[in-house]
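By written order: A, B, C, D, E, F, G and H. Residues from 1 in each chain.
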């Protein structure tokens, strides 16, 4: 952390030269801590409204716990995504209050339940039963960020009348997340039924030429409905995060 | 299920305002049941002539059994594709009459043998011995949908005289399924010998630049015979289903 | 042409050793004519129920006319696809009765209107206005092959209620062709509404990541409706031809 | 248009059986007009809050004008994207009030300036000067949909201090659109500076391995900032439309 | 050129220390001439049995003529491939004896007709009429290198009986070149009929998912016949050159 | 097998109407045996000069043994490629004389050592030590087909002077096989040193952007030396087979 | 430009609180000028040792001239890359001292010849004559940045002895740029002959499966020589720039 | 080894005809040893300034140890990359002084610590914690080659202020290595802050559309900063090696 800058800001606040708002803005632009294998970004929640999230893939349980230790001091919610069962065991062992959601491969640690700060409801749809894990990652993320989330699973386009039972939800949600594999057609159909923003998340479910989710990804990018934007394959976390940002007052 | 709509339809039928044909059409357009992780589509067999099929990949044995339980009440045939041995064991344990076909990774459950409803014979060819599992998935699917199916295996283009022993079958079948890996040339050759529709199914068998079946897929899409249409890589189920639809009276 | 074989067949017919059916089958297996730059396949209409089609791309006007000259002697309908305006001018100049359809880049030459030989109606849908040329290629091909064809254009999934006005046509057609670009979602939705076979034809219409139709192609191959099979990008001719084969009695 | 349904709705409203809100909802779900080469979706502005947009690529000037004619009756703003100069000349000739923006390849027709209905400001950044056309398409679209838009051009990551002069705009905008070609890194950096949603639009600007914008697209999908979602390559229109949906109250 | 080495070799030959065979071998390993924009490889015909070939694409007419000027002094045959009409005009103007073959985009210059030095006949097949230009490039190259070449065009697998009229040629040729676009299936079928080596050359002819010849290329690489090796897309020159190398005594 | 045809041929031979040479040719065009999961091609060695080869991948040990049983009756050499250790154990257990070469994943069964029938020597190079398994597959195949084979390993272009110690072998071999991974540059360099045909076989050895051998494959297809043709990734068998065909007298 | 920061820095220098070195560093981190369609980065030459370069593609002549006008005030050398002849004419008309190099599609403007500041010589090789334009872009760039550059053209691996005449240059250069298309093998071979860093630049020269330079790019990335790093396809400018950075004292 | 050449060189040195410098150059061009499965390149350290490195993937422990045995006689440092734990155990067992670095999958064997021979400091950055293994491979390689290396981990662009704490290091390093996965944006940002050469190494860390590092690779190749060159995915070794070559005096 840039100590001099911090001192200057605090001195300026003390002397009345700098109003509190200005100090918050200044602080949000610079602070982090070097713990050797990571630079923990302590002021991210000031800057972005939500703390740093730990991407579990490729990290050892020790690294994850080490990073969490620093973060739990300063944050009220910490998420760990893409955790293996081993990482989950380490983390839930070391941090009471950490809960492992195996279906979404996530650990959620909360000091307390987050305050509901969203403008409205976030709807999360999955096209098939096999897409549920990705959709659940979005659901848990958006909830941890203080949103009301309404999940609906297995309403793909092969039996499109199932979707039509949810027209009211589609029209009333502030933002909609749609997880789909195979041809990834569901986001287009949902988006055609509303003027609300739709976050499409392709999943890697499907046969050979699904190309590990690439077919769904391309389908969604080429949506003929214009209120669709896309996140990476299987990135339910990103979809939930983006939806929460949109739903912020 | 949309109860109000159902009541209205039934009342209208009762009062004579709606003929039976109209009621069937109306019902075929809307019914499903929400069991949490799935929306079971009960009227699919009315709408499409065949019930919902369970895609096993990415589902737990419990989910598959739960979906089957609802379906067996209403259908006479249920197929489960892409099953692991664990799913197969659960299903065959729970549902007498369910048969596991390991070579095609399928479970077929039948209340009774299906009535033969096809216009003619469906021929299913495989280019090599290694393509048999995909071809068998097509054979079992088409049979479960009430068709006479004639399989012929290992007649690829590297020894094309083997194929010519089946000229009569090729000319007399109503529709032909051809499973091939490597360069995927067999469907073109078969299609050049007849005016019947050929459903080509690429398999993921082959060396490095086979790209997991993509080379065969591209070959089939670029067939210089025009009576060829293609389904996804290793999608024997889809090929059999499509053939059954074409063979329907 | 293999003269000896022909003589033998005819002698056998003359002497009563070979019934007429057998002679037809024998002839359908061997005849062609070498004109230097092409081997014209005269007996294709016997073998496949429809004569050879001339793929115009990469051929000179002289080559196209040369091939047509041989074919018009023996066929009642000749199609030329992917024609440039120059080829079209040459062909319509040289062959009265040849009609140029600029929107589908096709020339259709007919001795007389084809007899209607289909089992039922072929429906042809396009997702957008920009997909019409590909759809029209399918319409003209299927009509030339003796079918009743019902076209419906611009009913894509971004306003899916437009499609629902055609539910009766979808349920009653023997086979349905669906041309769509962008994400290629329309075939899945149509196929989910019926048990009839759907031939999906991706078009190259769309933005950058449409990859010249590849996104639509992948979408269609990964359709979650199983009564869908796919032909090559922009291959309206192939879709119409395949539909005609399926609709044959 | 489904006349019976319309009559029923109107009769129900007349008789007091249906409140006005219910009628609006019902109408938004079904109306369109068939003009042969297009099904004009008249009630899209009811359903989605903004009328149908005409995608100009692959349409003739006559088709564009024909569609516009129906739309101008019912809409207050009509956009035509991807227009050629010929289409632009036809449209601006036939429809006074239509303005051609050559740099964005768009025509904007307005009965009157749209009411400002957004929650806040939309910021639109371009990484380079060459990305301006795509960025301008986003700017014009969002403005036509009734938003305050603040454009900033040529602030790419190769001289990242240029971006830091806009920190206040980045923190205060409701939603940010970022257009970038080459490696597409700018959206990640911008998103790392704020908690607001960022819509990334890759452009096809760059050298060989830019793959026509695919490198930028992949870069954006793989952003390590989670408040980023992506639209198709060069799809400035979609980015502006999505931003407007997010900025809606 | 390494003058010292040349002098040493010649001195050694003069003094009887080095037999003529050794001198040839030594010389074949080192000689070239630097003309600024090219290093002309004068001893390639000693080393490889055939002189350097000029790849015309991306060169100016002046560069091509400049390189030819040096080569014509020392070679008896010079080929220029991928020539534009302008290059062809320059070259045929400057070098009497240079002949332009427009269909193969080649210029062939010969001091005299090459001696026939092959072991047997090279057969060159094309699948369609549109593949003839590529096939002709192979034919002209192999002839210029002193081979008897037998071309057969338009015998693709959609009417495979046409191919069977050439069984004797296929069995008797020393090596066979097969040019095919679309699915590229012809080389596999030909190779299955003989034990001779087949050089497959994919062409860029075909519909969208032909991917500019990539589908045919993959098909050929994945051939289930093992006596097939492949050269680059549209590389008729390389196929003819390789065939000539194989046919060399 | 087409019995009638066989009888006719034999009767004609008996009666002197058909010379023995003609009978051999006739027989080589038609014979196979259907054993359910395979159509064994008994006359392949007549037609192609070498018997059918069993591609082990995706077959069960029982299937491989079943096919071998039929083949060993009629052939003097049988190769099984891509065998797992289980298949190898089954085959070597059941067929004395079958030898398992683990490094090449092959089983070679021989009634007796093959007669040396080649025109000259086949040289087989590998670029690195890691490419040896693929190179060995080529060596064993060519030897089993009756050729003298000279292997040289680990002479890649990063230390190109190592290659130059083998100039005499390169110049004197009838045909050269070169296996290389990574950038696949070795075949070009070798081919530049000789006029002999070079069969390039890309291997899947390398870092990430090697794309499982695709980078090497593309490199070889784009070789600037024209006496190079390419087989599939890791297809050492095909390279050895092709080399043997070229080396045949 | 951030005026306050500038004033503070200058005041601090004036008062002796900040030494000159510190001021330079401070200034190099922040200055630019907003001219509407561009943010000209005036202090880039302080920060990076070389001024901003104008990427001409996708800019109008007016935009290029406008940017140049600001830059010529402050820089001694300005490069414009990827210029069309129209841009070149505008620029050379407006700025005396600007020179257009058509072969490299570059304009170079210099107040005076740059001082030679490199540690040694930069060698630039091209594999073929067709690669010269890309190589020349590297040569001109490195020269404009004050380096001695030695170009050698047309020494590709198909006649590798031509390269060996330049062994001394290869061993003595401080850094080597190698431009090559087709299989892109030359950088590996050059790098194997020296311990100096090699910058490889793939060119888009070649046949179909060269994939517009992608084959060469992959080849270079997979080089088995470790002293190779790669820049984008046809990016001669980047290669020259990188070489100049490496050659800086 | 070419014995005659060696003798000649030594004789010439002995007789005073050849100065020592000339002898070193001559020897550096030719020496290797054939040990059957490898051609060990003994004079590589003369030619390139660093000995041969053993690429462990695809080699057996025996092969690695065999190669090392020859190398340890002649080299002072030997690196083995991509080692499995089995290989590591064999090597460290057999060669005292060999150290296994599990995080970088490398074994480093040194006779003694290398002399520091670099011009300055090499900085190595990683974007995330998950990229550390690749970055460590670069660190260890450059250190083994005699350089001072300064590593900084987890400073990616999602919190770019963390990077700015290292501005002095960035400006003062002679060369900078940057390892990054996901979108690979970090090298562009770093390169924009300095005029020093940046070696970018993409890692395979990330979600689905990261394509195993390909997205990062493309991002880096398309960097808008020109002082960036790229090595293969996960190739930390190559990045460190290239940096060491650049840092050499």
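By definition in this document, a contact is a pair of C-beta atoms (placed from the backbone, for glycine too) under 8 Å apart; a residue touches a chain by one contact, two chains touch by 3 or more.
Bear in mind that the values here come from a model prediction, so they are computed numbers and not experimental data.
S.K.: If you check the contacts of subunit F and subunit H, which chains show up for both?
M.R.: Output, common partners of subunit F and subunit H: G.
S.K.: With one step meaning two chains touch, work out the least steps from subunit B to subunit E.
M.R.: When the steps are counted carefully, the minimum from subunit B to subunit E is 1.
S.K.: Comparing the two chain pairs, does D-H have more C-beta contacts than B-C, or is it the other way round?
M.R.: D-H
S.K.: Quick one: subunit D and subunit E, Cα centre-to-centre, how many Å?
M.R.: 53
S.K.: From the mean C-alpha coordinate of subunit A to that of subunit E, what's the distance rounded to whole Å?
M.R.: 58
S.K.: Suppose each chain is reduced to the average of its Cα coordinates; what separation in Å results between subunit G and subunit H?
M.R.: 25
S.K.: Taking the mean of the C-alpha atoms as each chain's centre, how many Å separate subunit A from subunit H?
M.R.: 38
S.K.: Residue numbers in subunit G touching 2 or more other chains?
M.R.: 29, 128, 159, 192-193, 206-207, 209-210, 214, 217, 221-222, 232-233, 238
S.K.: What pairs of chains are touching here?
M.R.: Pairs satisfying the touch definition: A-B, A-C, A-D, A-H, B-C, B-E, B-F, C-D, C-E, D-G, D-H, E-F, E-G, F-G, F-H, G-H.
S.K.: In their shared complex, at which residues does subunit D touch subunit H?
M.R.: Counting only subunit D, the residues touching subunit H are 127-128, 156-160, 181-185, 188-189, 191-193, 206-207, 209-211, 214-216, 218-225.
S.K.: Where on subunit D is subunit G touching in the complex?
M.R.: Touching subunit G: residues 128-130, 132-133, 153-155, 159, 161-162, 164-165, 205-210 of subunit D.
S.K.: Residue numbers of subunit E touching subunit F in their complex, please.
M.R.: It is residues 25, 29, 47-50, 53, 167, 171, 175, 192-197, 199, 217, 221-222, 226-232, 237-239, 241-242, 245-246, 248 of subunit E that touch subunit F.
S.K.: Provide the residue numbers of subunit B that touch subunit A in the complex, in ascending order.
M.R.: 2, 29-32, 36-39, 41, 44, 52, 55, 57-59, 63, 67, 202, 204, 212-214, 217, 232-235
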